[in-house]
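My questions will all concern the structure given below.
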Amino acid sequence: MRGAGNRYVFWAVALAAALAAPLALTNNYQLGVAHQALIFALLATGYNLLLGFTGLVSFGHIALFAIGAYASAILVVTFGAPFLVGVGAAAIIAGLVGVVIAMPALRIKGHYLTLLTLALGEVIRLLIRSMESLTHGSQGFSGIPRPEIFGMSFRAGVPLYYLLLFALVLGVAFVWRIEATRYGRAFKAVRDSEIGAEVCGVRTDHVKVLAFGVSAVFAGVAGSLYAHTMRFISPEFFSLGLTITLLAMVLIGGRGTVIGPIVGAILLISLPEWLRFVKDYYLILFGLAIWLCAIALPDGLAGAAARLLQARNSVRGRASLRT
Amino acid sequence: METFLQVLLSGATMGCIYAFVALGFTLTIAAAGVVNFAYSEWVTFGSYFGVTFAVILGWPLWLALGASIAGCIAIGWLFQLFVFTPLEGRHFLTSVSATIGIALAMQALVTLLWGPYPLTLPTFFGSSAVQIGTISVFPHNLLIIALAVLIIGGLQLALTRTSIGLRLQATAQDPMAARLMGIPVRRMRTLAYCLSAGIAGLSGFLVAPLFVVTNTMGFGLMLKGFAATIVGGWGSLKGAVYGGLLVGLIEALGAAYISSEYKELIAFAMIIVVLLVRPRGLFPERIAEKL
Amino acid sequence: MVELLSVRDVGKTFGGLKALDGVSFGLAKGEVLGLVGPNGSGKSTMINVLSGVYRPDGGDVRLDGRSLVGAKPSAIAAAGLSRTFQNLQIFGGLSVRENVLVGRDCRLRSGMLGGVFGLGGSLREEREAKSLAADLLEKVGLARFVDAPPSMLSYGQRRLLEVARALAADPKVLMLDEPCAGQSQAEADALAVLIRALAKTGIAVIVIEHNMRFVMNLVDRIVALNFGRKIAEGTPEAIRGDEAVIEAYLGRRGHAERR
Amino acid sequence: MKLLTVLSAAALALGAVSAQAQSDITLGMVVGTTGAFAGGEAPLVNGVKLAVEDVNAKGGVGGRKLKLVIEDTGSEQTGAVNAYNRILAQKPVAIMDTTVSGFVLSQLGAIEDEGVPTFTGAATAQIALDKKGVANLFRVRTSDSLVPGAATRFAARNLQAKRIGVLRVNNEYGAGWRSAIEGALAEMGMKPAIVESYEGADRDLTPQLLRIKEANVDALIVAGDPPNHVVAVQQIRQLGLNAKVIMSNSGVLPTTLRLYQGGAADGFYGTVDSLPAANPAHKAWADRYKAAFNVDADYSAAEYYDGVMMLADAIAKAGEKPADIVKALRALKDRAGVGNTYTYADKGDGGQTVAIGEIKGGRLELAAQVK
Amino acid sequence: MLSVDKLCVGYGEADVLHDVTLRVGEGEIVAVLGANGAGKTTLLAALSGLIPARAGEAMFDGRSLVGAAAERIVGWGLSHVPQGRRIFPGLSVMENLVVARTAATDRAEGGFAAAVAEAEELFPRLNERRDQLGWSLSGGEQQMLAVARALVARPKMILLDEPSLGLAPMIVETMFSTILEIRRREKVGMLVVEQNAEQALRVADRVYVMELGRIVLEGPADEVARDPAIERAYLGA
């Protein structure tokens, strides 16, 4: 039980640090990086439900992020809907598309699933690009306002930071809760042994569709927040390169853990910024850091930390079992 | 008919290029289960090596070709030491993220080494087309197709007719049994990596005149190569070649007969259809699943 | 005998190889049945057919009169047929307790949002499931490992974990695929006691096991397979003396004596 | 989350370092020095460097020297926003911004909010810099609302083309060209004979060119990035497409002209804002540029040079307050620079000149001065 | 020729073999019997270098097998026919043999061609199937090919893991007859690991019986065959 206690302390400290962070984030540059980190942390947290919890390697997740961004932008700008309606619609539409993607994905496994989702994602992105009357096509969608809720504007950096943090906290709390329910267990059971889960009575098809759907809702919300934070979106941004970045966030942070994707997103967003002091060499260092992480920490940063803790506990545990 | 043949020729050229990339990509998968997402940068380096030797240093083209291949093999050798060997037997995603990291670093290195401006490489036969019947043929395209037939055919022969090729196949199919036959698995894998790198060097040199040499030229190629690899059947060399040709032809025919605007969409939609009909690719590996 | 589970003429072919060839047997409530045979005789295939992992080519499997042929494994588990695996299928990323709770999944009713927000009795359901899991782990002797990851367990203990997980679904029939592999004699003895106790509560048990000493001392009845066919059926004593069985295991006696 | 605080502390420390050179005026620049746009934006850096040298050689502005700080976009959208904000944190007097329209559109909020005078070479008509535009954003190039139109009129009038085709890259840039061409044709009561598109990464345009060939065009306008033009030219030659070809700006950049093999592009046209050959001042400047950087100058480098020079004048006149600089710049009318002629009096669209060049012997020569 | 002393082997935390000691002489056929999970396969894998030994010694032809790489051990004349045959599925019968060729094959009279000819004489079926791919062979044919592969390497001794596994009784009988034939012709020694006690007892000179990773019984084959302990080890009593 001590472990669980530590967990609460850890999250409380993390939340306090996040709440206090704007004190240290003194300019729009730092706030801007923090905004992106929060949005991608939310996106990666949802992606982790699919990749880390359920073990389904989808390369089409960014398309759902794009759907969220466009749905919200179109509703708010073109149809004058309030921001909250935009976010809600983004969540619902992305979630539904996620479920639709899941259908063909049920039949297909492993690397073939990876390519199938990649192709589905690209098809979605290209459809967004070709629906010019709605999405302005490849010109991109500009003039998206910053969020406004019941007359309260999140135009300035600090309030927006707290709005994004609030969304992330909600998302993390959701994942944290789901981990303790039958669905959290079923997700991981499907990942660890699909046949084992099925034979235990878990309806694995149902579980996979659910995982796709829920992670798509996260992507939709994150997409909407992205659109209203950056105020400009274009089909080119939601490309395969971003999918790979997202994947790296979850892997480097540690898939299958709650904290992993958050750490990964913050690291991948901010590390290139830290490394700017080496000027032209920063991307080389950044790339080498990713390589080193992957080779040295196959379970990601969170996985490595967990193993360290576990090794310490098991030494203690064994000692107590012996008595 | 004229249009059809012309499109077929250009589709086949692109298909051969994709087949090269898919083949190089598949070699490391087959040999050790390692997915190399830095393959795009291998090809890019192959192109830049070509420019360096042929244009900057002014070597004869064939010599520059050899040197580019050698340069890429050297890169493959370094990868073997620092990337592939630590990744053997790891989860597929681990090799994805490790090689993506290296790819990023290599891409940044290209700009530092060769500067930001696009470069180009002359072809062996100049840049004018030859008229054959009603269609015009660019000799370099014919060279690519001929080399593809030669190299892929030669590789096929080497893999099936020589004892070292058979040993390579044996290593890919069952490394444990291969060791029991006295096959040095480590060296066989290194050979596969170097072959893969050599193909990257060749592809880089061949695509440079068609592609214009830039720091980002490899990524789109690899994406298509990756698709071809899976459409063909994971880890199947034969599948990689046919997958590459298929992707190249679908793209060209789709653009010519349906719409250039929706060309990519058609190509990806076709990939989805292929996977739904054949969930394990065109040439699935015959390995029984055991419970 | 009132048959709880009835297997009739079940056949299964893999690429021309007849893994099962018209096998029939029945099972009554509270009965312990041993399924034996040399390697490759079709025992595991039979369990895979019964649990819905493989679809039989022919024949019928009925539980309480209801046919299970063509049903998904999850539906079969919900119908009351649970199993363990020869090659363990433990969920390595879940704790020992959570592994057992996954076995309970087909009996849980709460939905995703209900679970997340603790609505509609989902908290009570979860609490009850947890206490059931604790009881089962106590029963198989893994109580002190509830919160541990399965990697802390020995191979033999992991087999027990699979037994607990299978029991969590309240099965009518429990199928154990080589439950003794990797276990010490003491552990095997404890397992035998547990299986007998389960049978007393009315659960029917099918045991596949190579450890013949274990099987002979445990079961009420044995079905022996060889090359996918049933070659003998009867009490342990009868099987031990059965020529066909001895031949299947040791080859023909006559040859050995000849030398 | 702790990480975030550490990060911000680190960033803070970095910010402090840049504060040391108190006496210099910081001029910011946001371009891609890595990634896909590094090649296209390298000349801008050269142009700005040359300008900063020139200003400082004359003793700087009001006795203080200009110090150039460059931030990399990484050729990515979020990178561009971060780079712009990074520069802002270093309190620049003005910012020379990227030419990538999508990036500028993403920065627009920060540009407007902070009010720092910002020059951009992003030509897209989408960044509305007409009368209502963003007060402190100044375009140093000729807008894409003008250039494609000029190319179209050149095709229709000078080249007497009746059937005009369009081959454009399928992105924001190509889309802008397409609609501008269609607009210009409509003014003349015409319609494009055919519009074909391709992906930026495509290296085989055979299907598109065959369709264009079948459409029997007299002139073809091609819009895309340098590699796209090189591929298009090569394949137009190979397929024997007999049409006059007018390329968008990047097709006739000096760094692109080097890539056409064996005079393949001779006889092709391209749009530029200005040509050294047609303007003695530009010519003299281009020679200096070539001496300094060992590469031929392109007009956008000259325009970024002009931007810095106009800025220096404005500071000298009005002081260093952003609002005052903006006001001073807004007073400019028909100011002749080396790369363009600028009027910011009632709009942010400064550049107005468009020229059409023809490639002869691998070099660009003036075919028509449009304005 | 092969002498194993107090060999201990394990995976991860579990020890599988405890103090295993055995000898195989030149040209001798020795069987190791035992039920599933007794550790027989692990023993062979340790001898051929696939898994490292934790303690003890194993000498073959004057060289220590402990710590030697599997791919080198073959060259010393010790071939391992693994459990489940491990035929290369994508190679033809002939190609499977080509891959098994070693320096010893070439040193022997007639080289590779003679080695293949001899193997095909023992297993005429392989000659008929020469160009057929590995995965398409029946279980019996695969077993023949696995043994033929070992023979092509011109070994001094063969480690044979469960040659009867999953084969029909008739084929098993032929297989074991061939084993005797191989010894007669090539004078190679063999260490045979088997579940099928009867067949193994028929061909073996000496027998070791393993239970739970230890040798519990050893002796000449006819003595062990009469020992009631053997039946107990299989059927439980």
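Miscellaneous remarks
Letters are used for the chains, namely A, B, C, D and E, taken in the order the chains are written, and counting of residues starts over at 1 for each.
Everything that follows uses one rule, which is that a residue touches a chain if its C-beta (ideal position, glycine included) is under 8 Å from a C-beta of that chain, and two chains touch if they have at least 3 such contacts.
The model shown is predicted, which means the values in this text are computed figures rather than measured ones.
The minimal number of chain-to-chain contact steps leading from subunit A to subunit C is 1. Taking the CA centroid of subunit B as reference, the farthest chain centroid is that of C. Here the spacing of subunit B and subunit C, counted between their Cα centres, is 49 Å. Measuring from the averaged C-alpha position of subunit A to that of subunit B gives a distance of 32 Å.
Distance between chain centres (mean CA atoms), subunit A to subunit D: 36 Å. Counting partner chains per residue, subunit C shows two or more touched chains at residues 53, 85. Residue positions 195, 280, 282-283 of subunit A are each in touch with at least two other chains.
Subunit B has residues 107-108, 111, 219, 261, 264, 291 in contact with two or more other chains. Subunit B makes touch with subunit E in their complex at residues 160, 163, 166-167, 169-170, 173-174, 176-185, 286-287.
Within the complex formed with subunit C, the subunit A residues making contact are 3, 174, 177-178, 180-183, 185-186, 188-189, 191-193, 195-204, 210, 214, 256, 310, 314, 317, 321.
Within the complex, the subunit D residues that touch subunit A are 1-5, 7-12, 14-15, 33-34, 71-72, 74, 77-79, 81-82, 85-86, 88-89, 102, 105-106, 108-110, 114, 126, 170-172, 174-176.
On the side of subunit D, the complex with subunit B involves touching residues 33-36, 38-39, 41-42, 170, 196-199, 201, 203-204, 206-208, 210-211, 214, 226-227, 230-231, 234, 237-240, 255-256, 258-259, 261-262, 264, 295. Looking at the complex, you find that subunit A touches subunit D at residues 13-15, 17-18, 20-21, 24-30, 32-34, 36-37, 129, 137-140, 142, 146, 230-232, 234, 236-237, 262-263, 266-267, 269-270, 272-274, 276-277, 280, 282-283.
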